[in-house]
Amino acid sequence: MTDLARLVREIAAEMAGIPERGEVASYIAPLAAVDPSRFGLCVVTAEGEVHLAGDALEPFSIQSISKVFALTQALGKVGEALWQRVGREPSGTAFNSIVQLEREQGIPRNPFINAGALVVADVNLAGHAPRVAIGELLRFVRHLADDDGIAIDEPVARAEQATGFRNIALANYMKAFGNIRHPPELTLGVYFHQCAIAMNCLQLAMAGRYLMHGGLLQPGGARIVSSRRARRINALMLTCGHYDASGDFAFRVGLPGKSGVGGGILAIAPGRASIAVWSPGLNANGNSQIGTLALERLAEATGWSVFGAA
Amino acid sequence: MTDLARLVREIAAEMAGIPERGEVASYIAPLAAVDPSRFGLCVVTAEGEVHLAGDALEPFSIQSISKVFALTQALGKVGEALWQRVGREPSGTAFNSIVQLEREQGIPRNPFINAGALVVADVNLAGHAPRVAIGELLRFVRHLADDDGIAIDEPVARAEQATGFRNIALANYMKAFGNIRHPPELTLGVYFHQCAIAMNCLQLAMAGRYLMHGGLLQPGGARIVSSRRARRINALMLTCGHYDASGDFAFRVGLPGKSGVGGGILAIAPGRASIAVWSPGLNANGNSQIGTLALERLAEATGWSVFGAA
Amino acid sequence: MTDLARLVREIAAEMAGIPERGEVASYIAPLAAVDPSRFGLCVVTAEGEVHLAGDALEPFSIQSISKVFALTQALGKVGEALWQRVGREPSGTAFNSIVQLEREQGIPRNPFINAGALVVADVNLAGHAPRVAIGELLRFVRHLADDDGIAIDEPVARAEQATGFRNIALANYMKAFGNIRHPPELTLGVYFHQCAIAMNCLQLAMAGRYLMHGGLLQPGGARIVSSRRARRINALMLTCGHYDASGDFAFRVGLPGKSGVGGGILAIAPGRASIAVWSPGLNANGNSQIGTLALERLAEATGWSVFGAA
Amino acid sequence: MTDLARLVREIAAEMAGIPERGEVASYIAPLAAVDPSRFGLCVVTAEGEVHLAGDALEPFSIQSISKVFALTQALGKVGEALWQRVGREPSGTAFNSIVQLEREQGIPRNPFINAGALVVADVNLAGHAPRVAIGELLRFVRHLADDDGIAIDEPVARAEQATGFRNIALANYMKAFGNIRHPPELTLGVYFHQCAIAMNCLQLAMAGRYLMHGGLLQPGGARIVSSRRARRINALMLTCGHYDASGDFAFRVGLPGKSGVGGGILAIAPGRASIAVWSPGLNANGNSQIGTLALERLAEATGWSVFGAA
């Protein structure tokens, strides 16, 4: 067993024993029902090794992690023109804040807060029916993960739609500024469904490989995005991937990462590893409490922080 | 001549020819008088090579770049307890905004906006006379740069003091919340003087080496800070080092960096290089326009972005 | 002819000649089509005299003036308990701002900004179908004005509904905080229809009599609200009736008043007169430019300001 | 004994028995030491009758009530040009908020929040030494009250100066925008001293007579300001006189009023009475708790609300 394999197991064992696990998201029933003791970890290395631990094969709702794949898809459609409709700066506010939109005339701060992800969904909709855009995103994620079993959790999608008043507010608010082009309910349909994609840690870490490999699916494999675009998506994950706790995540973990309210985090060590972790309890900022801790531990032990000497 | 030596020269030549150079800071006379055509670049590599180009030996006012050294000094004094008085998150607002302070009860968002740097100066003051704290910082910077010629530009310090009403407002505002411990005018005295330190690109790149070397002054040399602290300072520079354009700098350059209104930028490629660039014209966000461009070009050509595969 | 009759005519003549008339609201076609040269004025005195001038019999869209009648209706339903769901303070922001709602957890500042009026509409809906609530409000206004000819302008209501994204955002946003009790689309249906009530100046001044007569429809007539409630509605009109220009209206005119984006204003001189003015061009704050001027002139000439010696 | 005389006594007796009296201001020692059980009331009628009750002859620190007299003085110096440097709208924020100043470029919302009062003090300073401006204001207030015994409480002024970091911040912040013309410390000197004027209820009610008499010191007496200006000052008191509780005061009391953190309130019933009340305990908005209640009771019993039929 390699050192890394051992480390992944050790971290999983260590995390299992921590009593303070944060609060499971409770705004919709399917998320509230998840057992807070679950923990999964998967590390896919640049050499193609795969290390699993805990509940790494248990699917969970990826929620906002889908914003990374949707952003990649939107950049493929409209390129850098996307940045005329959404910014690239940390917001300094919560994931669902509407204040900044009023001040900045309907232009969201970045593609990873909800407002920005709604603009991205609007780009991906591109005049089609919502199910077409969703189908396209799903095929893209399956391709990245090399796994056709990835699907949308329909009860989650329906529950999001039934309770998502704040997102409905955001979409209509941006529509008032002309920054949502489709009828808001269609754009929201795409958004609520992409958030309901269910994946396990293995699938998620596999899907993140293109961000570790400078845009290639694997070394010598198909190009998903240019190396510059891969770097830039990583940069956005680092500065904006954890909402108003992005600075803290960079400080503690030192890796580009994107969290979801389902308790998952995708983290990228460029040139070294794609990592997925899952633990459903959230900290005060809405990011996985144990998941963040596990990544901090892993980055410390491996020296993978992008801020340290190689 | 090595490839890097050639690249540094090429970039300097290229930058010299760009007509649109931004606006030189005009709020004090000594800065307003600087010639916008100046450009300096210095790269110090992990192996100890030094590459200079343009006006790399011309001193300029480092202004907010001093916040990196002052933060390092304050962490040495009070350690992680510092974070009870200042946050670690991007602000989502301009460098001199006071709005966030009202909402967050006098706790500045991070140590690189002016309010945060004033708290850091207050920590460094530590009950002494301002000149003692300033002397200590100056000795620290001379030590880092291995150059006793570094000094404070007194006319700049005096001009800052005479016109710094917004910083006086910030300090008094935080004093009202109890987050400035000394009489505000003393804390402000430290701050205005640290901003007036004059350095050239060579001195600045040399002073940044400890952040490239995981906390060591040089490989095998004296330890300035722990490797963890060096990583964390780099993380803060990346997420907060360019005020409300930090996301854009991370997106375009991909290196931890700290800018100053004098037109300088210190950028760190961990394990690879410490870089100082200077061009006095500023972009709309108050960061060196040509300096940023030069760093973007350098990072692209060398692959030094922390977000790309090694 | 009495002095007042002559004054009303003089003001109308004077207003007709003013070239700078503001901008007609253009967000929906039926409003954009209104001729900016129109001007109507009606004064109903405490003694029951009625003075008309200009286009005082021409119906216009009363828009936000309906908020006064809807508030009176809601207070009749739930009494002072209403103030648990909506505040009584000037907002310091524009009529359609959403910023304050985030800071104050979905509780609008007052019943005359859009968000507050949506809460009022939600109270008036009271579990019924929107057309029931609308029918009830319409009957109330007809009763107040003693005119069964008052009706809703359906094309205006439809146009509001088709373009009212910002109001849809406000309603959904407050729904997320639990401060809208019905499905937002139903509450919005009530709101869009109440704004589309069409009245002329005579009808509007007649409808405002209860606020002049301390809550009575007319001296010795039916009691609409208690005298205390009439005073309080007047107080709210004075402090909040002109959005973020309420202070200016109080300063210049000195009467409780409520403006609408259709160019109408209802103003009350307690114990003396109920006044309706209409001129469709709006000033920068969204209030009738010529209408405000006419009221300033009238209040100056009559000494009706509530701030002057009787 | 007239009905009014009896009413004033009854209210004083009633107020004495109320156990919940709010919190006495504690930010400076001289205010913190005041006995919360004190209560004074003085009503001066249009006919010149004077009714006193309770501690009406006990001097207290008028604090922000001085802003009314200072505004009157400044309007006398620069007339309506004052409104280019300060607004006339309710702020929607606390008395010492700095947020609005950043958004609106150093122009305070109205002359009764601290920032606005600092601009007014800067106008009154007019190039002279602070003691000259203060002397002039003191003479003006003595003239209005017809009492040369009114003086500044020096220990209060010194305590304000020693702890007024938030006001120092406000002044320097506006100086940065050019909206304070003198050195901030001089303007602050005027402000801190005007707040420290000590008056009793009799003196205060006498000093407010010109606002009841349409600008005359007394019927047939000297003109202090034009009737229009008197109306306008009353309008500002009503919309802005109680900070972010101005709407509530208008709703409950219905009279123009200005409160101070010392527990005093000056209220004007135009054409009828000038009223001063004092009770040092403050409510959550910083206005006298018992004082507001007493005025509510008085206005209800007399029908003096400006919003009711005469």
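As written, the chain order gives the labels A, B, C and D, with residue 1 at the start of each chain.
Everything below uses one rule, namely that contacts are C-beta pairs under 8 Å (C-beta built on N, C-alpha and C of every residue); 3 or more make two chains touch, one makes a residue touch a chain.
The UniProt protein names, listed by chain, are A, B, C, D = Glutaminase.
The structure presented is a predicted model; accordingly, all values stated were derived computationally and were not measured.
S.K.: Considering only chains that satisfy the touch condition with chain A (Glutaminase), which of them also satisfy it with chain C (Glutaminase)?
M.R.: Touching chain A (Glutaminase) as well as chain C (Glutaminase), we find no chain at all.
S.K.: Please report how many Å separate the Cα centroid of chain A (Glutaminase) from that of chain B (Glutaminase), as a whole number.
M.R.: 32
S.K.: For chain B (Glutaminase) and chain D (Glutaminase), what's the span in angstrom between their mean Cα positions?
M.R.: For chain B (Glutaminase) versus chain D (Glutaminase), the centre distance works out to 47 Å.
S.K.: Indicate the whole-number Å distance between the mean C-alpha point of chain A (Glutaminase) and the mean C-alpha point of chain D (Glutaminase).
M.R.: So the centre of chain A (Glutaminase) lies 55 Å away from the centre of chain D (Glutaminase).
S.K.: Touching at least two other chains at once: which residues of chain B (Glutaminase) meet that condition?
M.R.: Counting only residues that touch two or more other chains, chain B (Glutaminase) contributes none.
S.K.: Which of line, ring, star, complete or other matches the graph of chains that touch?
M.R.: Topology of touching chains reads as a ring, each chain with two neighbours.
S.K.: Name the touching chain pairs, would you?
M.R.: A-B, A-C, B-D, C-D
S.K.: Over in the complex, which chain C (Glutaminase) residues touch chain D (Glutaminase)? Could you list them?
M.R.: Chain C (Glutaminase) reaches chain D (Glutaminase) through residues 46, 87-93, 100, 109-110, 212-214, 227-228, 230-232, 234-236, 238-240, 244-248, 250-251, 254, 256, 270-272, 300, 305-310.
S.K.: In their complex, what parts of chain B (Glutaminase) are in touch with chain D (Glutaminase)?
M.R.: Going through chain B (Glutaminase), the ones touching chain D (Glutaminase) are 97-99, 101-103, 165-166, 168-173, 175-176, 184.
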